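Both complexes shown next keep subunit A, but they swap its partner, so subunit B is in the first and subunit C is in the second.
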Partner chain A sequence: MKFSTLVTKSDLAAARKVEPLVMAELERHGYSEEAVFAVRLALEEALANAINHGNARDASKAVRVDYHIDPRRAVIRVSDEGPGFSRGSVPDPTAPENIEKPCGRGIMLMEAYMNEVRWNRDGNCVELIKKNE
Partner chain B sequence: MESARAHLDVQHTEGVIVVSFLDRKILDELNITRIEEDLFTLVEKETSVRLVLDFANVEHLSSRALGTLISLMKRVNMKKGRLALSNIAARIFDVFRITRLDRSFDIYTTREEAIAAVTA
Partner chain C sequence: MDTPHSGPLTIRVTQAPAVSIIRLGGMATIDEAERLTAELRRIAGEACGRLVVDLTDLEFICSMGLGALIVAHIVSQRRRCELVLAAPQPAIRDVLFTTRLDKIFPVYADVKAAVS
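Take a look at the complex of A and B:
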């Protein structure tokens, strides 16, 4: 697979420049409006996590986005320079004790809208996969 | 740089504050922070606020925006006020349903139904 890459500083406005590029590729390959909505939402959450949690808003650290989109599936990897995390350590935001907490829903949304969401061993790179169904 | 333009349309009608989001996408950290400040100020001014948030224009919503809504709901509840949401598009409602926040918020199809609910 050939990936396109965008590397930006830890700034959501800068990182978000990748979104129209990804959206244009999805539309070019005939992905549905629902799929485009899903990818936009998951990518937004992944970027926010990378900047706010991974890089702890440290402007000296970078966020890297690699994406490959073909007619069959979209693969997007968002990497940060943070220490990483374990998916299992993130509490369930729908648990009664967490439902009124204002944070912790980004991962849940990514997992709901993508066909696959997985992290590298270090936990500082998330891979989002959306099939063109 | 984001300008300080308004993100909300605020109308007072029959003792109810009806807030419409002017942005199609409630995603951006800076925008959400400003929306949050404006909404919290509205609630702080009132004794038992009756508030309707109308989502007719909203096409995208991030988890950060959900967090703002939860914080707002808690403030409204602390002041023994009422909060209702209206006009949420199907795709956006799915975001509430997936996160099970459809059970936490009072959600109505139309603005009129939401206004009636908070004044009942």
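Take a look at the complex of A and C:
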């Protein structure tokens, strides 16, 4: 698979500049409106996690996005320069004690809207996969 | 180039006796979430009675945007007011149901029902 790469600083507005490129590729390959919405949502959540948690909004740290989109599936990897995390340590945002907390739903949304979500061993690179169904 | 569903976030407030209607439009993206949170917190802190968030024109919301709604909900509760959601598009409704936020926000099919 050939990936396109974009590296951006840890800034929410700057990081979103990758979105139009990814969205255009999805539409070019005939992904449905629902799939485009799902990929945008998961990508936003991955970028927000990389910037807010991974890089702790440190402007000197970068976020890297690698993406490959073909008619069959979209594969997007979002990497940060943080120490990583363990998926198992993230609490369930739908639990009664968490449901009214303003944050903590990003991973849940990624997992709900993508076909596959997985992290590297260090926990500082997430891979999102969406099939064109 | 961007998709047709990419309008910037808009926030419009209409005041009526005992009800405030906040009409959100466009995209509640990660770079708009702080502005949305600040605006909703301010409006909820000033509103009296019911607060209706009209989602008719909202095309996208991320988890930070959901967080803004929750902050407004908490502020409203402290003021003994109720925040309700109205007229979400199917994609937005799916996000609300996926995250189970329909358990804390009443979600109405349209603004008229939400106001009444």
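The rule we apply is simple: the second predicted complex is superposed on the first by the 133 of 133 C-alpha atoms of A that agree within 3 Å, B and C clash if a C-alpha of one lies under 4 Å from a C-alpha of the other, contacts with A are read in each partner's own complex, and residues count from 1 in each chain.
What we mean here is this: contacts are C-beta pairs under 8 Å (C-beta built on N, C-alpha and C of every residue); 3 or more make two chains touch, one makes a residue touch a chain.
Quick caveat: nothing in here was measured; it's all calculated off a predicted structure.
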item	value
Simultaneous placement of subunit C and subunit B on subunit A, clash or fit	clash
Touched partner set for A:P93, first subunit B, second subunit C, both or neither	both
In the superposition, subunit B vs subunit C on subunit A residues touched	C
Partner chain(s) touched by A:L6 [first = subunit B, second = subunit C, both, neither]	neither
Touched partner set for A:E27, first subunit B, second subunit C, both or neither	second
Which of subunit B and subunit C A:V75 touches, first, second, both or neither	neither
Contacts of A:R105 with subunit B and subunit C, given as first, second, both or neither	both
Touched partner set for A:I129, first subunit B, second subunit C, both or neither	neither
Touched partner set for A:V36, first subunit B, second subunit C, both or neither	second
Touched partner set for A:E44, first subunit B, second subunit C, both or neither	both
First (subunit B), second (subunit C), both or neither touched by A:A62	neither
Overlapping contact positions on subunit A, where the subunit C interface meets the subunit B interface	12-13, 16, 34, 37, 40-41, 44-45, 48, 93-94, 99-106, 108-109, 112
Interfacial residue positions of subunit A with respect to subunit B in the complex	12-13, 16, 34, 37, 40-41, 44-45, 48, 93-94, 99-106, 108-109, 112
Partner subunit A, residues of subunit C touching it in the complex	1-3, 5-6, 29-31, 33, 37, 60, 62-64, 66-68, 70-71, 73-74, 91, 95, 98-101, 103-104
Subunit A partner contacts - residues on subunit B that touch it in the complex	2, 27-30, 60, 62-64, 66-68, 70-71, 73-74, 91, 95, 98-101, 104
Subunit A residues within the subunit C interface of the complex	12-13, 15-16, 19-20, 23-24, 27, 33-34, 36-37, 40-41, 44-45, 47-48, 93-94, 99-106, 108-109, 112-113
